[in-house]
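There are two complexes below, and they share subunit A, which is joined by subunit B in the first and by subunit C in the second.
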Partner chain A sequence: MTRHNPLDNRLLCGALGVAGLFCVMEVAGRTGLIDPLVFPLASTVLGRAAALVTDGEFLSDVASTLGAWALGLLFTVALAVPAGFLLGSLPRVESALRPILEFLRPIPSIALIPLALAVFSDRFDMKVLLIVYAATWPVLINTMYGLKDVDPLAKETLRSFGFGKSAVLWRVSLPSTAPFIATGVRLASAIALIVGISAELLGGGAQGIGSYVLESGGNADAVEYIIAAAIWAGVIGMVTNGLFVLAERRIFRWHTARTEVV
Partner chain B sequence: MNGLLRGAVRLWPVPVVLLLWELLTRGIEMLSFPPPSQIATSMYTMWLTGPAERLWLTDAALTNIPVSVGRLLSGWVLAGVVGIVLGVALGRSPLLFRFIDPLVQFARAIPPPMLLAFFMALFSIGPRMQISFIAFGIVWPVLINASEGARQVDRQHLDTARVFGLSGGERLFRIILPSAMPKIFAGLRVSLSLALILMVLSELVGSTDGIGFQLLDAQRSYDFSGVWGTIVVLGVLGYVFNSAFLAAERRVLSWHRSAKQTT
Partner chain C sequence: MLEITNLSHTYGNGPTAHNALGGIDLKVAQGELVCIVGPSGCGKSTLLRSIAGLLRPSGGQVTLNGAQVEQTPDNLAVVFQDYSRSLFPWMSVVDNVSLPLRRKGMDKRQRGQAAMEALEEVGLDGAAAKYPWQLSGGMQQRVSIARALAYRPALLLMDEPFGSVDAQTREDLEDLTLRVRNLHNMTIVLITHDIDESVYVGDRVVVLSKAPAGIVGDLRVDLPGPRDQITTREHPDFVHLRAEVGRLVRGMRSPSPSAS
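This part shows the complex of A and B:
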């Protein structure tokens, strides 16, 4: 039997790391190394974060952000995946649209917020639309990339057995592109959160965790609220990303080369 | 010449789309959707109507664009240095990795806009706040990629280096960093495009100059061709940054591809 070294345990070390940071921040705040007015005590922040769970206003803000995020991602998939298949399987259309796409893609989606604010009166619609615009790119590009990666031999085999175009698409291209699409959606989900919260910050007046931060900015202990809300946003980001990773691993266990395209 | 001509022919959809867009926007006559010709005129007056001895650049072009690009690049370089140093340390020390990894995973999951208010409270409005906000928001792809790259260094290379008596520093600069380089570059590229987004965001919220501020200014004065023009400039900036980065990457990593081929 080999001796078990406690420092080999990932969970234990990770917990120690988190606890260590907490203690360092707490001690630095209490001894005055960091002014608690500039950066509140770690225990205060954690207490505030815990209190937010029962804060109805905060919860409805979280629900609004997540609602826009989910709806935006849903529309994105419904739009970008068929578009990716269309562009991927029609090379002439793809080469015609490529210059347009190459120009649209580098435009930072945040820059569209001032324009969207003027066009949309409903802040929720605006948020969803901006999310769709920003999240479409990784899904579209991953779909097209995955389609290029489809085994030509498998397609030829099906064709020589007399299967039609749609059968080839449905039985070969879609399953072998699916892991790439999933990666694209996972990347898009992080971008969707960034864009959604930015729209809330800049738009104001609407619901969402971005607006929550904006509204608590006037308080004397604003930083405490800001960090507590950021902690929950981090938890949301981590959980959603983790769920996507988990789903990818379960659904695409057969897919050996899970390649990432950014 | 032939390639250039073919490239120009490949761009045929651009004028077609521009023409359709012009006709459509002239047809609907909406204030927030000006025709592209009007956007082009407004871009010209915004940036290119200065005195001839300054290459016709206006004050707005000479202040806002360099200021924004400076902030973006400072934040990116800062994030690059911090990300590579910390990432390589994490990648080479499994123990350190086990302690810090949960914190890194958590910090990178926080959507950067949530922290904008925090950075504003910490540094008040100004370049210091913007640069630190950009750097904090974009450091994670570099850090994580650098740590992956440093962890996956070929054992054989490291053992060979040890046998030849290379010191720790030499091993770092001759073996570990070069072999982590492709991953680090991938991270730097993601960070660069994220830096543009965060630069615009930080200037939209807390700034008195820069391209983002100009964008907000145009929106507040209902100058929609100015808004569109600024968006176009930001798109061009993004395109230029990405192309320049890809060109640099090809140059720096060209040895890597040829080295891979011989093994």
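This part shows the complex of A and C:
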């Protein structure tokens, strides 16, 4: 009981897993199991990834991708949350729009890139629009779902004190739905990054991590650059997701604490 | 102050319609504590929701201090059975208590002060900064009572308020209700299915029949005060009254002329 096992630490355990995979890859490359000419050594890729931090061109591409990501996510929240509240509180409107939503939802946003390219002359606008399209779904669905989950007794409590409909919406429905919206935004943030980089790759954007990968394709050691850039894309995704999780835990402690008790 | 005339309510229509209330007439005087008791599913909650304006009854009317109740009146508070759902988990205890006071046009400082006073009255001033889910069930229901007290309602409705707490806490909360009621001379309508509780807490016990609910008994409780969990409950009048109410609830005829 008193002895503390260091492997109980999740962070340490995770770091060991990453280091383990790195060693396996490195050994596989050095022993010739994987031809280093086809797939570069793990240490080479890591070195390249580290060098990218001082590469001004790469950094401005990262900034461009993150800019489109942030702007897209902002528009998504501004659009999907009110839309979710509207659909969630007006069942007739929801029934009318349901078939359209169900038709649009499964269309992969990547498939819309040619269309977006034809319509938008500005690549950045196109990227942001595709992000908004793809990221809207989880936020919209979660907002509607969260609104359905609002406890009718909580609403009646406020009503019984003489509060009107708008006060109930603002003081009960919105705060109780907020944790669901936050989860939707976290899912949307990952989607936004994926769609943003995909749009850069497929749409041949002038800027962004995807464009950097495309441009490195001409180099002799292209694979090395591509993997190094992909590593950074993964790190950005992991960090943003982690920040969202931390924020959710802090702000919505009441939500998790309550569900743990019940 | 509360006057209910020929109140009836039917849920749904056609062959599946459920007639919950079948013409109820009831008057509650200022400062009275009336317990409404009846078998489960008899329409007690429908009656309460009609008084609170949360439900529009099919027929009859409710007037509160002379004004007809159409929507939720703003001089009324409700304490629900399910405190964990009725308190807002995203707000601290003191914020929960002060929130309804926004209806009273009080500023932030006045609201906070009134909320703290109410929490003191229920013995929870130490838990003001906590969140409802950090408290025990009995304490949470005290917060609900404090929220209703701070609001200073003309009429306090309580819907099975002690139905979800253990027996010891239940007695504490019954005594708390009696204490604050005496302190503020409040008018209270308390709904319960517990016969002993209705006689112990009430000045008057109104017995409802099975659905469609009608009033089958209206008994005045004249027990020597102050009431006490031990001595009141062994008093011959208490024993007699609870038997009387019990018979009425079960739909049996009383062996002797009514005690009221």
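In this text, the second predicted complex is superposed on the first by the 243 of 262 C-alpha atoms of A that agree within 3 Å, B and C clash if a C-alpha of one lies under 4 Å from a C-alpha of the other, contacts with A are read in each partner's own complex, and residues count from 1 in each chain.
Criterion: a contact is a pair of C-beta atoms (placed from the backbone, for glycine too) under 8 Å apart; a residue touches a chain by one contact, two chains touch by 3 or more.
Remember, it's a predicted structure, so these values are computed and weren't measured experimentally.
A.B. asks: Does the superposition put A:L130 against subunit B (first), subunit C (second), both, or neither?
C.D. replies: A:L130 contacts neither subunit B nor subunit C.
A.B. asks: Based on the superposed arrangement, let me know which partner A:G217 touches: subunit B (first), subunit C (second), both, or neither?
C.D. replies: After superposing on A, A:G217 lies in contact with subunit B but is clear of subunit C.
A.B. asks: Is A:L97 touching the first partner subunit B, the second partner subunit C, both, or neither of them?
C.D. replies: The answer is first: A:L97 touches subunit B but not subunit C.
A.B. asks: Touching A:I141 in the superposition: subunit B (first), subunit C (second), both, neither?
C.D. replies: neither
A.B. asks: By the touch definition at the top of the document, which applies to A:F161: first (subunit B), second (subunit C), both, or neither?
C.D. replies: In the superposed model, A:F161 contacts subunit C only, not subunit B.
A.B. asks: If you stack the two complexes on chain A, which partner ends up touching A:R171: first (subunit B), second (subunit C), both, or neither?
C.D. replies: second
A.B. asks: For subunit A, which residues lie in the overlap of the subunit B contacts and the subunit C contacts?
C.D. replies: Of subunit A, residues 262 contact subunit B in one complex and subunit C in the other.
A.B. asks: Write out the stretch or stretches of subunit B touching subunit A in their complex.
C.D. replies: Result: residues 10-14, 17, 32, 95, 98-103, 105-107, 109-118, 121-122, 186, 189-190, 193, 196-197, 200-201, 204-205, 212, 215-216, 218-219, 222, 224, 227-228, 230-231, 234-239, 241-242 of subunit B touch subunit A.
A.B. asks: Quick check: in the complex, which residue numbers of subunit A touch subunit C?
C.D. replies: It is residues 151, 153-154, 156-163, 171-172, 175-176, 178, 254-255, 257-258, 261-262 of subunit A that touch subunit C.
A.B. asks: Please give the residue numbers of subunit C that touch subunit A in the complex, ascending.
C.D. replies: For this pair, the touching residues of subunit C are 52-54, 72-78, 80, 82, 84-86, 88-90, 99-100, 103, 131, 133-134, 151, 157.
A.B. asks: With touch defined as at the start, can you tell me which subunit A residues reach subunit B in the complex?
C.D. replies: Per the touch definition, subunit A meets subunit B at residues 7, 9-10, 13-18, 20-21, 38-39, 95-100, 102-115, 117-119, 190, 193-194, 197-198, 201-202, 209-210, 213-214, 217, 222-223, 226-227, 229-231, 233-238, 241, 262.
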